[in-house]
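Look at the two complexes coming up: chain A is in both, with chain B in one and chain C in the other.
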Partner chain A sequence: MSRSIGRRIEFEVAGRVVGPALAAFERAKKLARRRGPGRPGKKSSPFGPPLEATRKLKELMTTHYLAGRYADGAVPVAWVTSGFPVEILRPLGYHAVYPENHAALCSVQRVVPELSDAVEKEGYARDLCSYARTDLGSVLTGKTPVGRLPKPDLLCCCTNICQTVLYWYRALAAHFGVPLFVLDTPYVYGQAPGHHRTYVRAQLEELVGIAERVAGKRVEPDELEAVVRVARDGTRLWGECLAQSRARPAPWTGFDGFFHIAPIVTLRGTEACNAYYRMLRDELAHRVARGVGGIRDERHRLLWDNLPVWFDVRGMSTLLAERGFNFVCTSYTNAWAEAGSRIDPADPIGSAVLAYTHIILNQDLPNRLDILRRLSRDYSVDGAVLHSDRSCKPYSIGQIDLKQRLARELDIKVLVLEADHGDPRAYSVEQGEGRLTAFMESFA
Partner chain B sequence: MRHAYIAKQRDEHGRKAVAVLPVHYPKELFTALDLLAVEMWGPPGAPVSADAGRVQAYVCAVVRNALAFLASGRADACEAVLFPHTCDSIQGLATLVTDFGGWSKPSFVFQHPRGGPRPSSRAYYLSELGSLADGLAGLAGRPLEPEKLREAVRLHRRIDAARAALLDGRRRLALDDVELYRLLRRGEWLWPEDHLAELEAATARLGPSDVQRGAPVLITGYVPEPGTLFEVLCDAGAFVVADDYAAVGRRVVRPPAALDLADPFHALAELYWAAPPCPTRASDQVGRMRYLAELYRRSGAAGVIVHEQKFCEPELFDVAAVKKTFAGLGAKLLYLEGELETELSGQATTRLEAFVEMIAATARVA
Partner chain C sequence: MSRAVAIGVDVGSTTCKGVAIDADGAIVAHRVEPTHPRIEEQTTRVVAALEQELGTSGLPVGSTGYGRKRVARARALTEITCHARGAYKLVGTAGVLVDMGGQDTKVIRIGKGGDVADFAMNDKCAAGTGRFLEVILGRLQVRFEDVAALVKSATRAVPVSSTCTVFAESEVISLVAQGEPLEGIVRGLHQSLASRVAALAGRELDGEVLMSGGVALNAAMVDALASALRRPVRVLPTPQLVGAIGAALSVV
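Entry: the complex of A and B
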């Protein structure tokens, strides 16, 4: 796609001026509403005071999506999967779009059924991952809660989260007629053998060439090193935010974490991302120091495995918080902290091989069990909910065995909860609440 | 029957059997090492043990049934199992059954390159072949001899050539679909030389002119189960003129005219990239649609049947494109979805019969 200066100006203005101004306006509107007379008879909230950082989070994400509306034609645009080494694209000035993050947003806004219906009519089965259906539905209809998504110049998918993304991005490549780069990270049993690492390394080198060609620019080693350093620091900061929940009470809820993960997924490798997490970490640490909890009365601490049920996060967290249960850790949010520990600015490509191959979803079940065990111990949980996510087979296969092992080895209560991360039609709220309630009663 | 055959292969030829999950794998390595590959497409029917419950009901029947089968001990005639990395579900099964119980004998994985034909993928494919060859040689208790591998490549080329002749000459072949698919699928577990003998005997039934009457259909999908589908098709007055099943047609390689066997591993890599496009090998979607359109045109099919397994992501992601491709060609299309039943359901039978009736009325003359 040809790029113009006028478009570039629109893109910069949207990102630097309009986005923050819009977020400030929204904030002021909300404040004014809050200052009005309180609603009579409103039940007192089971949650602790809201996090100040949330406002900044909204600003950051609003700005990101707003700038995105003007990105195509201004800068190179890549659509990337959440586990893709975006650090390589940043020095080339790519605007990165994360269809998974966008699909999560669609789920929170409850527009998944409408978008999915559109692709189901074309022949996509409802049994496919709801992220993919949502994204393809958005592409097909042009509907999105963020106004507009920029068209990609390059599609980048990494098989380290699943093979589903490969099929999904093949369909996108056929639709947009743009190059698809697949970073193939062979699944790890125990340790990745040498020839797998060589393969991933060779692909990363191929990626540099393709990304440069599409962007019309070369990757400068010092720029790459700087981005990788920022990305590494960002994942560390994210890890520090999560680690605050080792305290009792945890200063926030695991469900909060699902939303605050957005910058490390979509803005990894940018200063804005790191500045945000510094602020969040400091706020959480301050809450820990003052004994302020994410819920008012933390009596039980739980682990959550798998993606969130985006469209019912609020409902579930309220149900649990009202009874003194908090998800203090989740394998999903932890994944982004863990991967970053391997990133090394001194060896951007070599360390990316290790970091991006050893993602939780790209490793065998003994490794998954180890992570769950470790999280359970580090965060002193007395129970776990394994979300059996109809849409995400790679994350869900094995959970029935994992449940038994966790319960037996750690002597904790474990529930396998059938749901879907994106599509409300695949989940009965009543049944889910019934199962969660019975689970909580078993702690009595 | 299969158990008796495996036992005979072991007793008479000293060949160990290896259970192999779908779909693509370098069978030549097995042949060269005198290992009998016995493919496990489920098997069809209800799961044979409660272990199927260790994976959720939204995982395909192939994986649920395979888990139940392996954990029940019914595959114990095999000395090892191979999991090609066909999809997320087989990948999950590979770790579940070997790490958390169900299979304690040796297991191997074969991870295809998923990034298309580029230099890194080629180099990786060769190294992955080498790694599997080493593992299998350990199981066989003998080193892999290059000459043996060359012989195996030649043998499998003859098998492919015979299969291609039968499929491409379908109209002139005096076998009905039930017989043809039974024959082709015996290659999933017979020793390759035994299979070749049967195939070559069948090629003798290719006549000079068309013998198939009825409406010709192109069939695409995962695995031709249940076999009764072909009985229904035949009774309704149709026959399969072109096959694009992952289990059948997509595994018939029509190699470049001169295959260089100096380095048999390179020859295997060459064949891998020459195989028909298949989503389980991450083939590009646009290229696959072009291939299907060409297959349709060339075969003179009067209609298309898309026959998939429920919950099968690699296949289901292509269905929209498949439908669009054939709609663009003005082809009539029937979509069927199954879960490895042993019989075609009454509803599916009725739909199939109605479809054949419709296309028969407009059947093109080849």
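Entry: the complex of A and C
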């Protein structure tokens, strides 16, 4: 797509001025509503005081999506999967769109059934991942809660999270008629052998050339190194935020973490992302020092495995918090902190090979068991809920074995909960809450 | 008759059960009715009827089942907890409890102290539940009281592969149309259901296998389950009332 100066000005103004102003306006509106009479229920809330950083989070994400509306024609645009090495695209000035993050947002806003209906009419099966259905539905109908998504110049998908992305992005490529880059990361048993690394490395080198061609610019080594350093620091900062929950009581809930993960997914490798996590980490550390909990009365600490049930995060967290249960760690939010340990600015490509190959979903079951065991111990949990996610088979496979091993080895209670990360039609609230309640009763 | 100390109400998807128990946990009065849509009215009436029968009033009430939150003045607990408590009271040992009700099938591992060590339930559909049998037997015009004898008389089981209630219904109709014997189809249905429950129970079955819930009144299902698990299955006394007993025990 040809790019114009006028469009670039719109994009910059949206990102630098209108986005923050809009967020400030929303905040003011909310404050005015709060000052109004008769705001009951505040005292009876089972949660601790709200995090101050949440306002900044909203501003950051509002700005990101608002600027995105004007990105095509202003800067190169790439649509990427959550596990894609976006660091390589950043020095070329790409605006990165994360369809998975957008789909999560659609789920929270409860528009998934409508978008999914549209793709089901086109012949896609309802058994397909709800993220894929939501994204394709949004593309086909043009409907999105964020106003508009910019058209991509390049599609980038990495098979380290699942194989569905391959077919999903092929459908996008056919729709938009733009190049698709597939980064194929062979599944890892133990550690990735040398020939896997050589194979992935060759693809990343090819990616550099393709991304440069689409952007019409060359990757400068020092710029790439700087972005990789920022990305590494960002994942470390995110890890520090999560680690605050090792304290008793945990200063926030695991469900808060599901929302605060957005910058490390969508803005990884940017200074704005790191500034945000510095602020969040400091606030959490301050809460730990003062003994302020994410829930008012933390009696039991739990681990959550798999993606969140986006459309019912509020309902579930309230049900748990009312009974003194908090998810103090989740394997999902941890995944974005874990990758950071392998990123190295001194060797951007080589370290990306390792970091993006050794992702929780691209590794075997013993590795997943190790992660769950480690999290359970580090965060001193009394129980675990393994979300068997209808939409995410790679994450859900093996959970019965994981459940038995965790329960036996760590002497904790473990529940497998059937739900879906995006589509409320694949989840029965009454039955799900019944199971969670029975699980909590078993702690008495 | 000993004095009643508590009432338990189990509002299931199919039936509403009420029991009054004495200080030893023994049943002193009980009622079983089909569940009405107006749960609050029904349970208030059931509790009042039990109290009237016993010539008492104001007993503490525990509730469980789908309608547990709609029972006036009751402490509500899930069926998992109540079935485990009720079963433990009846047998006094750890074990694996299979509760087959109208809408749910649960496998509950009861710990040494009567606590819930672990549980598994059918996914969010009626496959593997009492409703599954009810729908298909209704379609075949087989009366509940004739099921056990019919299954016993079958010389072979006709395999029924669908466990989805809706698909199984059409599968059974086509089997009938193909001239398969009724008793063989009914036996096949029981085997299909039992194998699903056995899968839910998993590989580790520590201790005795116990059975509760309305489906336990069906001897053919108990036999099918025992074959699928390759273990004897002990049906608890008054299997339909185990949840209500557990609910009553929770307020003693």
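Keep this in mind: the second predicted complex is superposed on the first by the 439 of 444 C-alpha atoms of A that agree within 3 Å, B and C clash if a C-alpha of one lies under 4 Å from a C-alpha of the other, contacts with A are read in each partner's own complex, and residues count from 1 in each chain.
Convention: contacts are C-beta pairs under 8 Å (C-beta built on N, C-alpha and C of every residue); 3 or more make two chains touch, one makes a residue touch a chain.
Please read all numbers here as calculations on a predicted model, not as lab measurements.
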In the superposed arrangement, does A:Lys413 touch chain B (first), chain C (second), both or neither?
-> second
Would you sort A:Ala438 into first (chain B), second (chain C), both or neither based on which partner it touches?
-> second
Who contacts more of chain A, chain B or chain C?
-> B
Would you sort A:Ala173 into first (chain B), second (chain C), both or neither based on which partner it touches?
-> first
Can A:Ala125 be said to touch chain B (first), chain C (second), both, or neither?
-> first
Determine, under the contact definition given at the top, whether A:Ser428 touches first (chain B), second (chain C), both, or neither.
-> second
Once the structures are superposed on A, label A:Ile400 by its partner contacts, choosing first (chain B), second (chain C), both or neither.
-> both
A:Thr141 contacts which: chain B (first), chain C (second), both, neither?
-> neither
Touching chain B and also chain C: which chain A residues?
-> 400, 418
List of chain A residues in touch with chain C within their complex = 400, 404, 407, 413-414, 416, 418, 427-428, 430-431, 434-435, 437-439, 441-442
Listed in rising order, the residues of chain B that touch chain A in the complex are 53-56, 58-59, 85, 87-89, 91-96, 99-101, 109, 111, 113-116, 118-121, 123-124, 127-128, 130-131, 279, 282, 284-286, 289, 310-311, 313-314, 316-324, 335, 337
Listed in rising order, chain A residues that touch chain B in their complex are 119, 122-125, 127-129, 132, 159, 162-164, 166-168, 170-171, 173-174, 181-184, 186-187, 189, 193, 195-196, 198-199, 202-203, 205-206, 364-366, 388, 390, 393-394, 396-401, 405, 418
Which of the residues in chain C come into contact with chain A in the complex?
-> 66, 77-81, 115-121, 123-124, 202, 204
